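Paired with subunit B in one complex and with subunit C in the other, subunit A is shared by the two complexes that follow.
Now for the complex of A and B:
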């Protein structure tokens, strides 16, 4: 695409995103009319959302609709669109903070999963303790879950101090999928008491490589000196995998190890240097690490 | 302690009309009802206990906790609960107005809905209130307000971003207080001499009881400072009076650790101004030694103007942390390795490392500490 084409495309995109023409007061009236056609009200919400800053009372209407469990889901979702867009920049919306909290709690009860998820997400970002409790309960008892395990762990991650380290340890040690366990390991990187569990994951050759790799990063954060010990043990282990060896060597190089390379690991690094083909990730990682140590 | 056991402990007082002093014991950081829970959950439990005082009556022993939460709470639920607790007081003590307006100043930018209809409320059916609404309700309940707090309430009411309903409530507080003042035959409230009292700083609550340090001393306590030097804390404390404060770098409450270290930096500067910088030692000790490495201590102190010197240091405890906490009767709780709650507290030790003054659950002032340190009867 040349520059002229790009400009034409950009102008078309901007035109498509422009607020629909119309009177804001009319749009608010249409949006507020619960008996009106849903499609018309959603279209009206689009205009209201785009021009919400022009009238401070628009946010009261949007929040009111979001919290109305009897209103149409599409209209509530459209109202939430506007709230999300303006949540960081509008003092008029800030004035509705208390009402918004109540509306989001009510939206959490909606049948529609999208509306529910978005309300949960917004409350979790605000570190709402009721939502945190429900997320934790859902990880402990799947029948009580308000979202997927992976999403629950992600949402708990918004709050370093949530009441969740025990349940995260259970997730890592349990049978959740790899992505969920990796999310949990990332959060446990802030918990000094999880060091032993994380180390077990990193050393476990039966564990998935991606999980071990995330565990290595977590161990590096929570206990840099112990990570160094574990990393060199992995490098020295004839039976461990190239992928994880390359990963821990790279992390060690970035960290800058505080001790000299143990003899067994040094011998392995020599072997890698001598026997592996140029361009192999493990050989490259070994070369960079030796160079860094020599410097 | 799970929810059921916790609620049973609270309802044993609230529903069986037992003396409310039983609730005061639960508020201590090491009471057991908070152990192992995250900060948000601890806030919920503390709020639930504090709110109960509105119904049970507010015992004298609970007042320092209420005062502390009003001055330092960062969580709207806890601040609202502390405001409710005031209304359980037998006397409409105007001193509470200073604490309530301090809470108002802290919370006016974060007014939010809270619900006390159940420990785990159903928001679809429960009645909700807000933190500013609860503070306003307690100010109105007090009736007679000190003139010094009125400008603070007026400023809060004018805050951008505050909702219309909250603004209206605060306006009503002022109107009513002025009406009461007129009925009392006082001059117009807002023109009364406010004296030297700050708008939101109550009078110093007086000396707090000293820790007993039962069965423990500092012999085993080793610390590392912000430069990475390892030393015995007992040795550091010997030879000069020392002001000891506690903090941790992961603290999210701007009215606690960040403010504490900033005030210690101010104290350091004031001592230097009068040429006493080397006569009085300053020790700022982390609650979170596993996380707060020397580099993190250095960065945190530096960012708040605290300069590490031989006699003024930030510390992490590398050995004997339990001995230190027991010796000073530190008010801190943990969930695993994370601090889930701590009080604001400060200690003054003499040249033998013995505590001679303690400020507990109060926003100590630099002036007050300086006065104590420099007084002729100082250690």
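Now for the complex of A and C:
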């Protein structure tokens, strides 16, 4: 490759990609003018967001607009765009943390679900204890929920604390939605005291396969040695399902097991190897596990 | 009568374990046993067959054009003769040992001087071969070791509580360059053929966002991973799995969009920010921050981003953009105010962001204004270069190709960022 040609081509591409034109001060004035057309203000927000680093006072404007419940939703969303991106780095925005928290809590009261959800997400990411409390309350009492149960569990995962585990255990034990239970199981992997509950889920043949699979991953993370015991028990069980057997065998193989295969499980693996058709996921998982053990 | 010859590559006479980037490689050849030959001894240095590997070219001196083979006349008494290996830009190795050198002595190949090497270059993740991808994932999963491995150090380096070391100031790019290099060297200690791939977030990347690679968004909290994917056992902070979904865009067909009024800048738009560092550095917002915010999940906040393996590919692309900007504008001299912020400029430059500052955590400095602990020190060593040192400074990350001094060469390159000698530079390590 001719580097001169390569450089010329890149210079041409760069030359054609000029930064957006416009005066930042004018754009800030347009954005701040609550009486102006919404479309114009959103367009102004685009320029303000992309060039906010040039003037620290832009962040004060963005925070003000976000927290103004009387302002247009589209403009508040545009302000939130800038705030979210500049969270990755801006020290000027960091200095407005208290004002931003207030603005986000006002945005949580908005009618627009997108604005509400994004505000909740950002507060949860920032470990806001009030939002964490509301998420827990919503999981315990559906009428108090500020977002969906699955999302509530996810958001609690940004900052797990001892009292969060209690509600997560309740979700695993009693929630009707499988995805929400899976999310809670994942998070409980960080809690040693949840090992017994997780093991119960993994062993329960009446559970959905996906829930057991997530439970197996959680058990392997929280108690790797006990996971091996449970996994080989599942493999040895004539009455358990192929899908979960293949899943736990794959997990054992990938992570590496510390014990030799118990006799009953070894016998089952031989049977699988001899009787199952080539290409069946369980046979493939068994083959890979035996190979790994042999090595 | 057949003399014996020895080739030394960067001071090493080993016949394997050589890893090149795009930079020219200083070598010598010398006669170790003349076996009755008369002076001078004629040899030819040339490529080993490289049907699946990277072609190499050779030249006697930096001023010469490289060629496929290089005839040399060696002193029969054993004095070394210098030459250079010049890897061919955009012809990286896909496998270890797939590049190589042979030496013809007296018209025959001297089997004792058959040297294998690899032109080891950071690739676009979406264009990796299946074998490259699987080696990378296997090494990454091994470093994680189900949550018990050394990966946790890297996760613990990138938190809200450590954010000021790495963000919001001039050192954003150098700090993350060192961070990636440290991680890459840990991966290479597991598998030396591995390099960090980059995610070009301004292009669709369906091969990357696949169940067999980094996972495909499903609309649920976790991307779909194939059961055989080594990342299926990924654990961070004691929690299994990777929490990530797109904000609604199709990761099979679209590039990362950013947000409606804060889109991800394309490569050309990023490079067009300006030819001076102070103009370019604003890319911390877009494309960098905008790419992060293109997802819901761990990757969309500083505190949790390092829990997602995609985060390192995102930052590898950020670093590639910096490298490309450096090449485009010839910015390798950290003492030049256009290349890096001069100390004291740009308001109050925080400690750790000035050119001469050492960087946390590799410097092991703890206590205010640094974080209270240092998860990793020193920076992982490399068998091919001593740069940037155990306790790198901000400035040590700038001349990563060794343009100004061979001692600066950090041992990595990108598949689309060439080595082009600085006027008045050293012509590489």
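As a working rule, the second predicted complex is superposed on the first by the 273 of 295 C-alpha atoms of A that agree within 3 Å, B and C clash if a C-alpha of one lies under 4 Å from a C-alpha of the other, contacts with A are read in each partner's own complex, and residues count from 1 in each chain.
By definition in this document, contacts are C-beta pairs under 8 Å (C-beta built on N, C-alpha and C of every residue); 3 or more make two chains touch, one makes a residue touch a chain.
It should be emphasised that the depicted structure is a prediction, and the values quoted were computed from it without experimental measurement.
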**OP:** Count the residues of subunit A touched by subunit B and by subunit C, then name the partner with the higher count.
**Re:** C
**OP:** Would you sort A:193 into first (subunit B), second (subunit C), both or neither based on which partner it touches?
**Re:** first
Original post:
When the two structures are overlaid on chain A, which partner does A:52 contact: first (subunit B), second (subunit C), both, or neither?
Top reply: second
**OP:** Identify the partner contact of A:94: answer first if only subunit B is touched, second if only subunit C is, both if each is, neither if none is.
**Re:** both
Original post:
A:42 contacts which: subunit B (first), subunit C (second), both, neither?
Top reply: second
Original post:
Is A:293 in contact with subunit B, with subunit C, with both, or with neither (first, second, both, neither)?
Top reply: neither
Original post:
A:73 contacts which: subunit B (first), subunit C (second), both, neither?
Top reply: neither
Original post:
Touching A:132, do we find subunit B (first), subunit C (second), both, or neither?
Top reply: first
Original post:
Which subunit A residues are contacted by subunit C in one complex and by subunit B in the other?
Top reply: 91, 94, 190
Subject >> subunit C partner contacts - residues on subunit A that touch it in the complex >> reply: 1, 3, 6-7, 10-11, 13-19, 42, 45-46, 49-53, 77-78, 81-82, 84-91, 94, 121, 125, 150, 154, 157-158, 179, 183, 186-187, 189-190, 214, 217-218, 220-222, 224, 246-247, 250-251, 254-255, 281, 285
Subject >> Parts of subunit A lying in touch with subunit B, wherever the complex brings them together >> reply: 69, 91, 94-99, 101-102, 105-106, 109, 127, 129-130, 132-133, 159-166, 190-194
Subject >> subunit B to subunit A touching residues, read off their complex >> reply: 36-41, 43-44, 77, 110-113, 120-121, 123-124, 128, 130, 160-164, 166, 250, 252, 290-291, 335-338, 340
Original post:
Residues of subunit C touching subunit A in their complex?
Top reply: 89-90, 141, 146-147, 164, 167-169, 172, 220-221, 227-228, 230, 232-233, 235, 237-241, 243, 258-262, 266-269, 271-273, 282, 284-286, 288-290, 292-293, 296, 300-304, 324, 328, 418, 420
